[in-house]
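The structure that follows is given in the form of structure tokens.
Letters are used for the chains, namely A, B, C and D, taken in the order the chains are written, and counting of residues starts over at 1 for each.
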Amino acid sequence: MASEFKMTHRVEFADTDMAGLVHFANYLRYMEVAEHAFLRTLGLSIAMEQKHGVGWPRVHASCDYVAPLRFEDEVEIHLKVREKKGKALTYDFLFRRVKPEPVLEVARGRITTVCVSRDGSGQMKAVPIPDAVARKIEVAP
Amino acid sequence: MASEFKMTHRVEFADTDMAGLVHFANYLRYMEVAEHAFLRTLGLSIAMEQKHGVGWPRVHASCDYVAPLRFEDEVEIHLKVREKKGKALTYDFLFRRVKPEPVLEVARGRITTVCVSRDGSGQMKAVPIPDAVARKIEVAP
Amino acid sequence: MASEFKMTHRVEFADTDMAGLVHFANYLRYMEVAEHAFLRTLGLSIAMEQKHGVGWPRVHASCDYVAPLRFEDEVEIHLKVREKKGKALTYDFLFRRVKPEPVLEVARGRITTVCVSRDGSGQMKAVPIPDAVARKIEVAP
Amino acid sequence: MASEFKMTHRVEFADTDMAGLVHFANYLRYMEVAEHAFLRTLGLSIAMEQKHGVGWPRVHASCDYVAPLRFEDEVEIHLKVREKKGKALTYDFLFRRVKPEPVLEVARGRITTVCVSRDGSGQMKAVPIPDAVARKIEVAP
């Protein structure tokens, strides 16, 4: 059972915009990168459709931006499982800058993702999280 | 004085991901496209740094996803000014699908953006919204 | 039978990078947007997998960058069909800036895309372009 | 003096498109990530504008796509310095898939980037590569 995960990410040039900062939409991509890396540590993949017949569309994402990130900054992304429901997971994310100088709080984010299966026509329906997945993930203390 | 704006956007191929849906981070880009088009209708540009000496980093962004968007869907983005403070603006966004079949609520989003100036070292500081900007924008009823 | 297509595109904020210019990878996205709009004028969609059983991965893309593009520039993208082979199409693209001041040649690009079908395991194999598609497209003079 | 560089990159979910493959424009981003990592190994950064007064816009980019890349694939990017001229550098890139199964040639790419300085109005002009940069980079055998 795992409930949190940390990784370090370097800001790439293409992630910046003309203001010289990481574009605000890219923080959601960074959160997703951490989420998928967390799942890999559990032997899981967000691409479970072939193995478990389920997908994970998002129903909520948010971010509060406290300090800017710039090209080549190294940022630590700290994921915590906030909530585990029958058909949905909510993750909290804390961004810290590690380099060049530490910044304790760069941003805070949240993603809620729901477990779905698709019928023949591609329509998605929320379904219980497969047990093989659910038993590996627990809410952070 | 303007308080709302509507535009239509077509989902491009590169906006989709392997789940066949618009990637969730791209909704923030779509909101921004609508925000900038709204400002252009007022004769303004988010790129005010040369003209007014200010930039507009985001302090908050969020999105609730209700129904999926797919390639070539046409989506109406409806922006409303939710809050106008001395140094910050908050916009609400409602996404509706127009084509192929209408979907009344695809997503709802919010962005709070703060007016800043930069000192010589690039440090940003919140400053009052320039009057030439503030007098053109009002809170939606 | 159609052999060329023009469209106008406005540079969005998220397309820029910290150098203040459109990031060079985004020109490929712009070419693709023009290609898909061209196909729509013919009643076609790049997403032909459901209707015609084929997909269109790229085998070549290139771009020569002559003058920069910046935020809110309006750029005309001129697509010409350069080559039509049994299983592949090659498009040439000319980028012109329309606003703020005209620039006759901003960039030139090329995409070669191949018609494929997938077998049960997802393996792709080049196949002849479906006649319903091929008969609508011809090489530009 | 360095003339080549290798790195491994994992394909992220947001890099894929609805065809289930890495979107073709993202290969240019991957090449750039390798280029910047190469420069960092030399104590350099593409963001030289503050330190050396120069920037590095691209004048050419191309890619030949041989085999697809998918989510969570690990790809080795092998950069070689192809040409070093007074004001420009050309890099060649070879993409190999490392996981899940090796693929010896996934794609081949090329970027030519030119050294520029900007005048007061932001106009760019090609200038000689600063000696502190040029003396660290040599053409691969």
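Going forward, a contact is a pair of C-beta atoms (placed from the backbone, for glycine too) under 8 Å apart; a residue touches a chain by one contact, two chains touch by 3 or more.
Since we're looking at a predicted model, the values are computed, not measured.
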Revision key, fill the gap. With centres defined as the mean of Cα atoms, the chain at greatest distance from chain A is chain C
Exercise for review: Check A-B against B-C and say which one is joined by more contacting C-beta pairs.
Suggested key: A-B
Review point. How many angstrom between the C-alpha centroids of chain C and chain B?
Key: 27
Practice item. Starting from the mean Cα coordinates of chain A and chain B, work out the distance between those two points in Å. Key: 23
Check your understanding: Which chain B residues sit where two or more other chains touch them?
Key -> 13-14, 18-21, 25, 29, 32, 47, 71
Practice item. Indicate which of the five shapes (line, ring, star, complete, other) describes how the chains touch one another. Key: complete
Review point. How about chain D: which of its residues touch chain B in the complex?
Key: 13-14, 16-21, 23, 25, 70-71
Practice item. Over in the complex, which chain A residues touch chain D? Could you list them? Key: 12-14, 29, 32-33, 36, 40, 45-47, 71-72
Study note, to complete from the structure: Per the touch rule above, chain D residues touching chain C in the complex are 18-21, 24-26, 28-29, 32, 47, 49, 55, 57-66, 68, 122, 124
